[in-house]
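Listed next: structures, encoded as structure tokens.
Two complexes are shown next, each including chain A; its partner changes from chain B in the first to chain C in the second.
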Partner chain A sequence: MKTEARLLIGLGVFVLIMGIVYGIWSKELSGTVMLIGTGILGIFPGLYYRYWSKRMAGRPEDTDAPVDAGAGFIGSFPGSSIWPFVLGMGCWLMVLALVFGSWLAVIALPTITFALAGATAEGRRGGAASH
Partner chain B sequence: MVDVLEPQTAAHDDHGHDEHHGPSGIMNWLTSTDHKVIGLNYTVTSIIMLVIGGAFAMLIRAQLTTPNGSVVTLAQYNELFTMHGSVMIYLFAGPFAFGGLANYMVPIQIGAPDMAFPRLNALSYWLYLTGSITMLLGFAVAGGAANFGWVGYAPLSDALNAPGAGADLWIGALLLTGFSAIFTGVNLVATIFYLRAPGMTMFRMPIFTWNMLVTGILILLAFPVLTAGLVMLYADRHFGTHIYDANHGGVPILWQNIFWFWGHPEVYILALPFFGMVTEIIPVFSRKPLFGYKGMVFATIAIAALSTGVWAHHMFTTGTVLLPFFSFMTYLISIPTGIKFFNWIGSMWGGQIRFTAAMLFAIGFLITFLIGGITGIILASPPLDFFTHDTYFVVAHFHSVVMALVIGAMAGLYYWFPKITGRFLNERIGKAQFWFLFLGSTIFTMPGYLLGLKGMPRRMAVYTLHPEWQHLNTLSSVGAWMIGFSTILFVINAVKTTRSPKTAGPNPWDAHTLEWFTTSPPPHHNFYALPNIRSERPTWDYYHPDAPALTHDDHDPSHMPNAAKGATK
Partner chain C sequence: MTATTAPEVKLGKITHDRPPMLAVGIMIWLGSEVMFFSGLFAALFTIRAHIGVWPPAGTKLDTVQSGIFTILLVASSFTYQMGVFAVENRRRQVAKYWVYASMVLGILFVGNQVYEWINLTTRWYTNSYGSVFFITTGLHGLHVFIGIVAMIFLLGRMKGKTEGDPGELAAFQGVSYYWHFVDVVWIGLYSCLFLLK
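== the complex of A and B ==
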């Protein structure tokens, strides 16, 4: 976890310093704001990783652990789900509504709501079985 | 929902415990959340986009073969070059790499059962597919497709200059594909941070995975900026705002700043995955470890960091940018890129090189990218950029870069095709394809540099006042058609291979990284077993215990390449 934190904080600090130098030198606002914002975007999650890296025991993937050190439950992965497809179609209709008229949003919004509800319920149930 | 246990060190049992019994056929395509299925969907869709974007290019080159070409009208020509660039950049190069091969390979390279968020991964694909359809729908609406160039500069893209649904479809397509990319970026970063196998420390990850991690971070930094810019563009067109409208106090240059703040990191979002692919391929076919692993990692990170500070080198001639800052930063980025080139050459140096199709494509990538990179350094100099801005010199420069990516894509496909399908692509057709693609790319781009220096502007459909430009244009068109023919060869090869037997086995190239430890194609959730991971070459270490990977402090001559001749187990 330390390497992950260093990577993000390092990138963020570099861009932040670059933003400050650029801002002072150029006095141009849009680029300065974007650079400083980008720097913070790197530093913020980096500090989160740094916080946890100091409070967690070393993970098997961060050490010379043997493969069976990772045995046990590592996550739940849905075998299949229709909801990403339904949500994708809802988002597509929403974008088409921006082009062809808001009447399409009448179909798009319920589709998106239906898909989000379905995906949430599926997650709570434990998802679609794949075995 | 499958609860996944870490793969065991014991060999696979034959009771089929790891077999997947989900939907099949079209329902599998619609509902699968398996990263391999989604990765394949991305790969096939993006190759279709490559063919469509390539067909537009063929029409453009046919039009330019003569000074007063009449293959298309002037209006159609504007649509063609806009959609050619848009399809190739937004719908082929990026999605092929980070949606296709990375989606397929990254979890396997780090010993993970899937991406961290499988349903989000599936949603990414559907947003990408619908975004692609949305963009191409522009040809079916009144007024035609977007016609303001793939960069959508204000005020060319405002409601006055680009009325009609085509421009809105272009904006909508970029919103959809932008969110698709952001979700894929989230997935890549989370997968690499949280789902690595025991022993797979950050500095043992394959370079392709490192490059995809940095690409994922760059996506998260860059794409939201473009999305925000697009929302403001749409608001200007339809909601009466004047953000980019100079007539009402807006700032058109703001669009260029926002677009290129995304656009230059995007160049590396496109390039880094292909850097990663050739970095996997070159050591394997040179029978050597990668030269300078840590140098490669730091060069990748340095490129990403510097790429956020060079955006306005696309805007030198606007007169609104700080020339020395952007010129200096652009020169700096050549240093980590140069480190990569020396490391690639160092990896081949003294090796037992096997000139397979994949290796030829990888070498072709190096040469073509080097030409694109060096001409990029030329353009980083403001005086030279002012001279060549918006000429064919610039077109030739970035086509050298993107043709290198196409060649790199072919390297990745020839290398990983046996892993994905269990079948080998035909090597003879592959080598013929390589020569047509590599020579075609060179013949296509070189005349462009000369035309640019002679003053031929980009985006012009006829050049009746300069008939002396015809010979170079005709030569460039011949190169483009060679590239087109090479694509046909690839399609023939891929179709022909679907009927060949599955003879690849788990590790046909005697390769190094973890994806070559599992079956070809890999099972559901990827592994029946994993080796202990003690270096960046766990598969090599397993098959060659007599010639383990060099540690970073190990200079024992017995570990040099000639010691690596042992037969595989």
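== the complex of A and C ==
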């Protein structure tokens, strides 16, 4: 995780410094704000990786390990699921509601709610893969 | 403690031995949210640079009232974090109460936002300050609303007394990252819209 942390924080700090230089030089706020935001964009996940790099042993990909060292438990993943499709349909209807009229939102909102509830409940049960 | 609690086996704190993928995804997504709000702040500062007096004459903002609700929103971050500590220590029931508390505080905040929106004399068409006020507080309010919806879904996921949902802690923490982020953004927005003269 150290490499990711260094890359992200390094990039973030670089942009942050550039943002400050830009701000002092140009005396213009909106660009400065965006550059500082970009700096945070790098530093924010970077610090998260750094936090973890100190709390866990190096992964196989952090060292010169053979490929099979990465075998074993990777993480818990959702199984195959219909809910992302339903959610997509709901979002699609929602965008159509902006074009053709708000009555479509009456169909879209329950569809989105239904899909989110379905996906959340499935996450709790472990998804289709566990059946 | 009441006598109703069953004798439980001490299992110790739940921890992750590696960052949950959900959490990494949320962190990167929050990075994009930083950029989203940076755009709004950039618009705010651009408009501010072109107005002589900030806020423009005739703008009546209730700084104290909004300040109180800002404190409530900040408090909700703390209550939610208490929930995270509770769920880490396997006290799921207590954690749910903390989520309820955070939800109530969040709803109070959105309620005040709606009240402000209705009663503010400056409208979105009054001047550019009005536009930027409504777009920033509106999009932030939407984020708070989404956070409350996320908490409702989280409570739905945590329904019942049974443990063993492997993604529960990650989901709980994921909502917490989002909630703290929304909170911090509001502190920035409040400072720029209400306090900055």
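In this section, the second predicted complex is superposed on the first by the 122 of 131 C-alpha atoms of A that agree within 3 Å, B and C clash if a C-alpha of one lies under 4 Å from a C-alpha of the other, contacts with A are read in each partner's own complex, and residues count from 1 in each chain.
In the analysis below, a contact is a pair of C-beta atoms (placed from the backbone, for glycine too) under 8 Å apart; a residue touches a chain by one contact, two chains touch by 3 or more.
Here the structure is a predicted model, which means the values were calculated and not measured.
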item: Chain B versus chain C as contact partner of A:Ser30, first or second or both or neither; value: both
item: Partner contacting more residues of chain A (chain B vs chain C); value: B
item: Touched partner set for A:Ala117, first chain B, second chain C, both or neither; value: second
item: First, second, both or neither for A:Trp83, with chain B first and chain C second; value: first
item: Touching partner for A:Met56 - first (chain B), second (chain C), both, neither; value: second
item: Contacts of A:Phe44 with chain B and chain C, given as first, second, both or neither; value: second
item: Chain A positions touched by chain B in one structure and by chain C in the second; value: 28, 30-31, 34, 38, 41-42, 49, 75-77, 126
item: Complex interface listing, chain C residues touching chain A; value: 17-21, 23-24, 27-28, 30-32, 34-35, 37-39, 41-43, 45-46, 48-49, 153, 156-157, 165-168, 171
item: Touching residues on chain B, where the partner in the complex is chain A; value: 1-9, 20-23, 27-28, 30-34, 113-114, 116, 118-120, 122-123, 125-127, 129-130, 133-134, 165, 168-169, 171-173, 175-176, 179, 193, 195-203, 217, 220-221, 225, 234, 238, 254, 257-258, 261, 301, 304-305, 308-309, 311-312, 320-322, 325, 329, 524-525, 530-534
item: Touching residues (chain side chain A, partner chain B) in the complex; value: 3-4, 7-8, 10-11, 14-15, 18, 22, 25-26, 28, 30-31, 34-35, 38, 41-42, 49, 60-85, 87-89, 91-92, 95-96, 98-100, 119, 126-131
item: Touching residues on chain A, where the partner in the complex is chain C; value: 1, 28-31, 33-34, 36-38, 40-42, 44-45, 48-49, 52, 56, 59, 75-77, 116-117, 120-121, 123-124, 126
